[in-house]
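Quick one: the structure is below, questions incoming.
Chain IDs A, B, C and D follow the sequence of writing; residue 1 opens each chain.
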Amino acid sequence: MTQASAKRIKVGIVGGTGYTGVELLRMLSQHPNVELTAITSRQEDGMPVANMFPNLRGHVKLAFSAPDKAPLTGCDVVFFATPHGVAMAQAPELLAAGVKLIDLAADFRLQDIKAFEKWYKIPHSCPEILKESVYGVVELNRASVAKARVVGNPGCYPTTILLGLAPLLGGKPLIDTSDLIADCKSGVSGAGRKAEVGSLFSEASDNFKAYGVAGHRHQAEIDEQLQRLAGGPVGLTFVPHLVPMIRGMFSTIYARILPEARGVDFQALFEARYANESFVDVMPFGSQPDTRSVRASNTLRIALQRPGNGDRLIILVVQDNLVKGASGQAIQNMNLMFGLPENTGLNQVAILP
Amino acid sequence: MTQASAKRIKVGIVGGTGYTGVELLRMLSQHPNVELTAITSRQEDGMPVANMFPNLRGHVKLAFSAPDKAPLTGCDVVFFATPHGVAMAQAPELLAAGVKLIDLAADFRLQDIKAFEKWYKIPHSCPEILKESVYGVVELNRASVAKARVVGNPGCYPTTILLGLAPLLGGKPLIDTSDLIADCKSGVSGAGRKAEVGSLFSEASDNFKAYGVAGHRHQAEIDEQLQRLAGGPVGLTFVPHLVPMIRGMFSTIYARILPEARGVDFQALFEARYANESFVDVMPFGSQPDTRSVRASNTLRIALQRPGNGDRLIILVVQDNLVKGASGQAIQNMNLMFGLPENTGLNQVAILP
Amino acid sequence: MTQASAKRIKVGIVGGTGYTGVELLRMLSQHPNVELTAITSRQEDGMPVANMFPNLRGHVKLAFSAPDKAPLTGCDVVFFATPHGVAMAQAPELLAAGVKLIDLAADFRLQDIKAFEKWYKIPHSCPEILKESVYGVVELNRASVAKARVVGNPGCYPTTILLGLAPLLGGKPLIDTSDLIADCKSGVSGAGRKAEVGSLFSEASDNFKAYGVAGHRHQAEIDEQLQRLAGGPVGLTFVPHLVPMIRGMFSTIYARILPEARGVDFQALFEARYANESFVDVMPFGSQPDTRSVRASNTLRIALQRPGNGDRLIILVVQDNLVKGASGQAIQNMNLMFGLPENTGLNQVAILP
Amino acid sequence: MTQASAKRIKVGIVGGTGYTGVELLRMLSQHPNVELTAITSRQEDGMPVANMFPNLRGHVKLAFSAPDKAPLTGCDVVFFATPHGVAMAQAPELLAAGVKLIDLAADFRLQDIKAFEKWYKIPHSCPEILKESVYGVVELNRASVAKARVVGNPGCYPTTILLGLAPLLGGKPLIDTSDLIADCKSGVSGAGRKAEVGSLFSEASDNFKAYGVAGHRHQAEIDEQLQRLAGGPVGLTFVPHLVPMIRGMFSTIYARILPEARGVDFQALFEARYANESFVDVMPFGSQPDTRSVRASNTLRIALQRPGNGDRLIILVVQDNLVKGASGQAIQNMNLMFGLPENTGLNQVAILP
């Protein structure tokens, strides 16, 4: 393909002052088919984004615009890297103007509006648009994403749990779906760039803790998707923990193998399921993945363990929470929505050490 | 008690060049009843310990001695902060000389000699002494420790799991003991002060991984003790993980409440069980402990969670792996063995931040 | 001394919700002569301090009180662990009630009121009290501190620079005092427990930067004290940097040896100067101190280097910025003000690793 | 340029099991003109490199070969990511076979053979080849690098100091070159992937120290190059420090402005000097660069400070020690040696956060 004939996608970003925002900018600035058109921030109107994020110096010339000045309706696609509630407020106008929309927050993740309103404490303002929106784990919903106008980009924890369990669900019964445990660990960037005491270096460094044990927002999203995959109710205990590292997510998932499935070759099952996926790496059986093996890349790695060849299947999943768990996955969705090869602009090798 | 009448305990340390060694020195140097008498190291003969560990400058004047020069048989008690196998080689001679012995390695932890030899790949050289040795979790074996000549100081992971589960075991059935999960996380100091690639800063920092999933040495020790507490077989899946922090251990333990026990007040049960313990803190129900709340202290904290008031009981346990998980617990054992108040010299407040 | 006859000091703390506050509580709760009487916080009235700082569970029973409820005038001494400006507002009333006062902020550090007002942007409300206040580096001002009613506890950077240079100043000329450089590095806890983006884990971890190069508040304080020590003007370039660690301060000080002083034994000079100090450790010539050798202790260590035996003297100084650089030094001042041995309650060994 | 006509460079790597090795692989695997042909390791013969470095899974299929099996003489260029001494042993044979050579160790950095032998404790085996070799800071030696058969890739510290001082040297006198100070700070990956106690996580984390104060190998290299740039003797005090971060180097350079140069616009001077450089970013005057702004990228950023507009010029320089300080710079040299645009394959945006 020559440069001249290359497809150009005009991209807008709403709310680019957080970590998912700077990650979008980092990757989109190197995407061969993207033209960064606008980025909005009410507070930073006029400030070059590279002043806020000096890693972008020499790569991104764009400045933040106040929302009312930004030509979002002239974009082909708009990413929302905003707090919950912003995307649904702007969705009707953008869709009417023919703009596609990828929301990195939760507005279009949950089809169950009651669950949304319970966890996010705001009413949903556009249930009709929600109905047509697609839950953007490409590996699970490829066909729908390709046709979507609106994508709800998944939460970081759900991405690991869903891709870690999907091969076990929906076919003949393999595991006890009433009794799953996901013991998950996230780097601190998952808490965002908000100034909060709990995210301070002196609080989070050299420390480890659980949080949200009594209930975490992502539970509803995980449950809804697991039930869709399983075709029935699923029981999951989900405990998130905070790790003193910037990026990275590690999920240790415990499933009980059903008596009738003890002879199944789970490794073969996973390898077959993800054989054609660019961004899901099924490691050799018994591997012990580490989060740095995916740092700053869009790859998610899975390894299976079965201690003593017994009836416990342990699924270890790693990803970079800001890439496959957020901005990289969003770009993967965009590629698909615009007919590009899924891995366009997303092939960076992970940074190790 | 006046200074003159205070009991003096002559203490020797074998192998003080690792992290449990320096922790013993830090705490023993401030213990009001201890006289540090000898510390051995084959390689560092003659070197003041404060040259190796500059935090001890001004506090410890002792120098390392080659083992043959060190007056260990003149001590009242000898701590072994050595690789596995060293303590059992020296035990007969020391016991014969009337010296008590606390081993921080595994030589006297496992009564099941076959399990010991399987995991540690060395034959056990003194099974008779092993028989009289006591497993040194004071809170579980107080009376035996008080009379012991030989204590096998527990592993760090076992300490958290045993104290986290003990109140649930041995009485009327409360949980399904065939299906326990301990998802454990340790700081890097647990790997010791050996020069190994996997423990390098550039490997372990900004990273998270599981290890030993297929089988970890501590499993045998945990199993043996859990069975003793439960009075029968116990099924435990144990998965250790490595956290990019120096000290600290966090165990997330999942137990299924039996139908007949759903009405039990587990919080009250734990509070009652540990009401008189100096070093076990049962936090309010639903608390989320963090490892820094016990950093450099001998306290172990426990919190219970029961999501949705369902049938999953989650027990969160934190300790400093080098203190309550190793050297602090060893000194707690010593205090008891010599008739001192258990918390003598162990009352330091944890360092936060 | 028997328990009965031991001196009891009633201590109040104003503003204990920051890191210097929790450090005061950690050390004072173990001080044999201290009775913690009151701790104030406008926002946290009624909350047990151990709820905010769980390391204090089991050690401190005190709860925060609103300032108007707290019996500060009944204390023997009040520590101010507050933002600048609070101590001077309350000083007149407390002094009138016979209470001594140690301010960990800057209100009583600078005798030059113009410099104070320039850097802290507030007028000084009690210049008369300022005049009698003493700058609380005990090693430099022991006699005055012992008699003081009001102590301005020094800044963390100034403590390292002043103690690192003091032996070279005030006697016969040894170094070119017009051309000193202090390249200083601090852990992140120096920025306090305020929720600010720059102090977030995801901003400060795995990163290193300079800050305040164009001018830092501590410069005025350092200059004033250096001039006092030198008996004349001193030229110092001071560049602070931020290190991704919680605690610890490292100052690399560069001085040019005067031609007439090239034969001086600087090591002997430093050792003599600090021979009787409990908390200043002059390490052997050519040592390379690390911050962890003083972590959580009140010790400050100094090492001298003179590359190629040339005319550059390099003074390396380490301390824990929250202890000798703040709360520990404040307690050292208190001990002296109340006639106690200076190291009472301050003898903890540093935590390594 | 079409894919068909693109220049292909056959690349060999000797010793790819360290951090500079994996960085070469990460970047070369994405370089559009490179064909990875061979990578040698005596110990790992036959092991796929992606087994050792899992970030390369899916990107690099190459396996390590024993040196005698590897077709290095069939390569166009060979990188040596080895200990000192290896490159010079193999250089004659490779050059004879028409292979170009880029050494990331010190064999071809120092023209002063005596200095080499003093610091590296081995005799230099090919002084003739050394004579023709070029010191590979492209920005200083572009024309020579373009024609070179052998490049000595610079040390990490020298790169920051040389690029930080170059604009001030060689023209009319601007600074006192007899009295320069470089206070440098490096991430731990600079110590390599060797298993050494000092580089363990539990030693290096939450800690800060100086090292090599009495003399560091890079001093000779810096001195030789500074003298070449200045056209005469230069006096530099160089103090390296170790920062608890994986990657990143920060140099704080202190220069005294000569009286006759006080009116010079240093900012304009630096901007002009580096106006056409892809990888040197002169930030606005008074900026405070941080190392993360260049993490995993080949950019080096410089900022000038002049406190109080006085006679001290402070030059702050940041780079990623493994990229611009090692493997990225090596590839930049390769690009130039093969007539490619200098930034080919090197345009990755830094990873922040």
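One rule holds in what follows: contacts are C-beta pairs under 8 Å (C-beta built on N, C-alpha and C of every residue); 3 or more make two chains touch, one makes a residue touch a chain.
Everything quoted here is computed from the prediction, not taken from an experiment.
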{"item": "Intersection of contact partners for chain A and chain B", "value": "C, D"}
{"item": "Most remote chain, CA-based centroid, reference being chain A", "value": "C"}
{"item": "Chain A-chain D separation of Cα centroids, rounded to whole Å", "value": "36"}
{"item": "Centre distance in Å when chain A and chain C are each reduced to the mean of their C-alpha atoms", "value": "46"}
{"item": "Where chain A touches two or more other chains, by residue", "value": "19, 187, 189, 193, 202-203, 205-206, 244-247, 289-290, 292, 295, 353"}
{"item": "Contacting residues of chain A [partner chain B, same complex]", "value": "179, 181, 183, 185, 187, 202-203, 205-211, 213-215, 237, 239, 241, 243-248, 250, 252, 254, 256, 286, 288-292, 295, 305, 307-308, 312, 314, 316, 353"}
{"item": "Chain B to chain C touching residues, read off their complex", "value": "19, 22, 26, 29-30, 53-59, 189, 193, 205-206, 246-247, 281, 283, 289-290, 292-297, 299, 301, 347-353"}
{"item": "Chain D - residues contacting chain B, complex", "value": "19, 187-189, 191, 193, 195-197, 199-206, 244-246"}
